[in-house]
Amino acid sequence: MLYLYDGALNVSKILKDWYDEEANSNYGAYIPFVGTVRSEDGISGLSFDIYEPILERWFEAWQEKARAKGAIIKMAHSRGDVMLHESSYIAAVFSPKRRVALEFIDEFVEDFKASAPIWKYDLKDGQRIYASDRSTAIKGSGILGVKK
Amino acid sequence: MLYLYDGALNVSKILKDWYDEEANSNYGAYIPFVGTVRSEDGISGLSFDIYEPILERWFEAWQEKARAKGAIIKMAHSRGDVMLHESSYIAAVFSPKRRVALEFIDEFVEDFKASAPIWKYDLKDGQRIYASDRSTAIKGSGILGVKK
Amino acid sequence: MVRVEFLGPIQKESLEIEITNLEQLADILQQDKEIAEWLENSAVAVNDMLVNSLDVALKDGDKVSLLPPVCGG
Amino acid sequence: MVRVEFLGPIQKESLEIEITNLEQLADILQQDKEIAEWLENSAVAVNDMLVNSLDVALKDGDKVSLLPPVCGG
């Protein structure tokens, strides 16, 4: 339930497909989070690199956490370029009751930001510039840099 | 941006319409919460009464709170009967940044549950039975019951 | 005349009564067996504004609403 | 041989080197001006599992990946 697409996401179709897929699963709450590219600092869009093997492991660990509470998580992300006002990210939690879903969507999205192996670049003046100022070192980073 | 419908909500259409409406508003985060009728206790569905004048005031106060943080809220709810696995409630927050949206959707949905003048009934064995055990007295209730 | 409305599951027709404050309404409703049980957990609105105290004057044409426990969603 | 991959924005081709643990890799990479600046804030994975310590043995065919700071979404 991790879906990667080249370019912008078709948000309405994804939200509909996920809703329809779980229509008879008896979940009471469905909370998608949709991330859209904002116009700021003169960018024309964003671009993404993804390292899939580790993303899949990270996602599977979250799916296990969700399952333990009777919930499920779905996620979609773009690879490559996504232009202004297009969307690059959707995460969604389904759960029987609302509290679990409200808590999971928050924790999942925050951990996604801090841990998912995805790199963001600004598209600006024809260049693809690593968004280093908005990026977060993954927990445990730096072990190779420690001088003896 | 408060929409009331007779019967079940067309979730995919509403989620799409709201996304499209704000496509150029430069919000970075869109978080809908969708509430769906679960099969439990042998019910065939739920039914709702809404008192609109107070619902509208309550909603408008939340809209003001959202606006103060650069966000907006949209909400849809069903009147009357909504059957199993159909949806009766959607609330959504749009905001420039994710933290505001994640916090607002949680606070909004919880206050909705505690304060919005909507009454729920179980549809069971051909009857419409007030869901008193799941209902919450609005803050400040009881003033007419105080004995002198 | 003040109109008193009972919302949601309270099975009672609206009343039109001559009162000038909520204290008087409390006295009247506490005598009414049909709705006495709802008084403890119902909220009160005057002209669609929720109030937190009985210290509210009422005038001709005002509307008082009783809102029993809610459960939207 | 151990394969060392540099992910995302680190502009460096993969290496194939003879090492038997991460300590040796640290020594080698700290000499490399191109990537020295990335070492402090990059995470390390061995065969696609993140590791938190240099105390990891490596064998022929293993893959080590360097993951610089991330920003999905």
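Order of writing sets the labels: A, B, C and D. Residues in every chain begin at 1.
Definition applied: a residue touches a chain if its C-beta (ideal position, glycine included) is under 8 Å from a C-beta of that chain, and two chains touch if they have at least 3 such contacts.
All values derive from a computational prediction rather than experimental measurement.
Think of each touching pair as a link: the shortest run of links from subunit A to subunit C has 2 of them. Common neighbours of subunit A and subunit D: there are none. Distance from the subunit B centre to the subunit C centre is 24 Å, each centre being the mean of its Cα atoms. Centroid to centroid, with C-alpha atoms defining each point, subunit C and subunit D lie 71 Å apart.
Per-chain Cα centroids separate subunit B from subunit D by 49 Å. In subunit A, the positions touching at least two other chains are 35, 98, 109, 113.
For subunit C, the set of residues touching two or more other chains reads 73. Touching subunit C in their complex are the following residues of subunit B: 35, 48-51, 53-54, 57, 77, 88-89, 109, 112-121, 130-132, 134-148.
Every residue of subunit B that touches subunit A in the complex is listed here, in rising order: 11-12, 15-16, 19-20, 23-24, 26-39, 85, 96, 98, 101-102, 105-106, 109-110, 113.
Chain contact summary for the complex, subunit C toward subunit B: residues 7-9, 22, 25-27, 29-30, 36, 39-45, 48-54, 65-73.
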